[in-house]
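What follows is a short report on a single structure.
Chain nomenclature is as follows: A, B, C and D, assigned in order of appearance, with residue numbering initiated at 1 for each chain independently.
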């Protein structure tokens, strides 16, 4: 039964990668990466059962936490063009949100 | 064909390694070169970890239920290499930032051109 | 089944790598890089390297992506478009690839237990470390005890990289082209002020992340984890705080002198444990002499040096983030 | 008892998998960012939640269940927030949702082209 779940998760990952590669806007990519992250969490959790040793869920737990931070960082970068306090919209002349493709 | 299947991991490692290598030598953008180096680095990690795997073995954390463990030595080497890798990536990033401040570009050939003029 | 998952993940990795080659938008390249690292962590779990997967999880998806974005925010986010493929690099890559494929086929089969790599020290680590060091996690035993000197070197490399980034980016204060030092906004005025949802969730999560970092730090002897991973997770919590509440507020939580002090303190603690074991009659970093019983000494020594590793890694990662985040973008 | 347990685990894992795949198809096939958020949302909440619940039922009550529950708690907290932030950022950057009028002019590609 874990095999079924693994196959489903891998299939979803493939869809996410396809969306990630196709784009078209950067927000599609962020969405796909974020979803890919949660699918990795699930994959690691299920793989533990598949290999008969499910006590390594800490890795999945780390992903669940870090993935969120990564997404927030990406969005802050897009919105303000940087991570500092002085970075604001007028400062972000070269940031990708002026060229969404 | 069985030869290929039994060495599949190593072959993919070679493909990834060459992809990273190609980015490093063919692309002139410095940020992309760093990403290429990262790909190369991950492929080396995979090579090491693949060599340490034993079929039927389990993760090298002792437990009474298991007797066969995968080789822990590559894990130790790669574990530290990953953290060192991110530190060197940061150093490369800092250098790129300084290069951009000095030359106004992060394309390698433009930097060479500016140096040639000076 | 395991082989099938293995093959699929490797194929995904290849697809991602090829997309990176062809993608011109550097931002997308960085995002793809983070997917690549997620995939490699999945591979590491497949190949039984849980500790490595743990590190890659903490480093690749979070800190690494954030650092690359920091670089992009200070430079350009778009590669200049080039047409056609250069022949010389392709040729070079194909030739060296062919050589590597040829030699890869000469390697022992994947997963075989008779490969030369398993014949030497690994046996001893697996069979003896349980009694010699007394820890279930062999990786931690080897990392901190058998190869402790090597790890000290790695920690020093991280220390040096932190100092290097500080020298390259940190010294010139936030002077912009206008010549004025810009005052950051006052507390509460920081960015993401109107992102109420984010602020609440971040407040909710940060204590758990810190707690989890401590768990990883001190549970690393028994399960996957240890100083390297814990340090990165701890730094990630700080980064989240700085992102949501602004750098200035973050600096009131952990002032700069504290991180600078901790960068050195961790390495010093590690090396100090070695010196202590010298004084107590053992070899350098031989923890057996630290307590009256060798395994207790090993436990104590590993706990201390892992703590040193965690301190340095966390402080260096925080410094790296701050160096990139605080540098003002040069007007071009 | 064993069999009842197994049946429940099977049901939970399979429903979770179905939700995950539906979300995956959604993220691939839906026309623009805002609609694709639905696809991502369903995999992150229902898909992940049911699969993790299935694993927890399989495990009984141990430390592993606690960790599974923690993963679930974090996912259920963070993924809607990420989706919200993505939508917010996309809206702030001026990506327009695809409306009926756009579909009539641009129905062939199905790509969410920002204005």
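Rule of thumb we're sticking to: a residue touches a chain if its C-beta (ideal position, glycine included) is under 8 Å from a C-beta of that chain, and two chains touch if they have at least 3 such contacts.
The structure presented is a predicted model; accordingly, all values stated were derived computationally and were not measured.
Asker: Between B-C and A-D, name the chain pair that shares the greater number of C-beta pairs in contact.
Answerer: Of the two interfaces, B-C and A-D, more C-beta pairs touch across B-C.
Asker: From the C-alpha centre of chain A to that of chain D, how far is it in Å?
Answerer: Chain A and chain D have C-alpha centres separated by 12 Å.
Asker: How many angstrom between the C-alpha centroids of chain D and chain C?
Answerer: 29
Asker: Taking each chain's centre as the mean of its CA atoms, how far is chain A from chain B in angstrom?
Answerer: 20
Asker: At least two other chains touched by the same residue of chain A: list those residues.
Answerer: 13-14, 30, 51, 55-56, 58, 61, 65, 67-68, 72
Asker: Spell out, as numbers or ranges, the residues of chain C touching 2 or more other chains.
Answerer: Only 48, 50, 70, 72, 74, 76, 198, 201, 205, 208, 223-224, 324, 327, 332 qualify.
Asker: Find every residue in chain B that makes contact with two or more other chains and list them.
Answerer: Correct list: 58-59, 63.
Asker: Who touches whom among the chains?
Answerer: Per the contact definition above, the touching pairs are A-B, A-C, A-D, B-C, C-D.
Asker: Using the touch definition from the top, list the residues of chain C that touch chain D in their complex.
Answerer: 195, 197-198, 201, 204-205, 208
Asker: Okay, in this complex, where on chain A does chain D touch?
Answerer: Result: residues 1-2, 4-5, 7-9, 11-16, 18-19, 24-25, 27-28, 30-32, 34-35, 38-39, 41-42, 45-46, 49, 54-55, 57-58, 60-61, 64-65, 67-68, 71-72, 75, 78-79, 97, 100 of chain A touch chain D.
Asker: Within the complex, which stretch of chain B touches chain A?
Answerer: Residues 58-59, 63, 66.
Asker: Spell out the residues on chain C that touch chain A in their complex, using ranges where they run on.
Answerer: 1-2, 5, 8-9, 12, 15-16, 19, 25, 27-28, 31-32, 34-35, 38-39, 41-42, 45-46, 48, 50, 53-54, 57-58, 61-62, 65-66, 69-70, 72-74, 76-78, 174, 182, 184-185, 190-192, 198, 201-202, 205, 208-209, 212, 216, 219, 223-225, 229, 233, 236, 239-240, 242-244, 246-248, 321, 324-329, 332
Asker: Which stretch or stretches of chain D touch chain A in the complex?
Answerer: 6, 9-10, 13-14, 16-18, 20-21, 23-25, 27-28, 33, 36-37, 39-40, 43-44, 47-48, 51-52, 54-55, 58-59, 63-64, 67-68, 70-71, 74-75, 78-79, 81-83, 85-86, 88-90, 92-93, 95, 111-114
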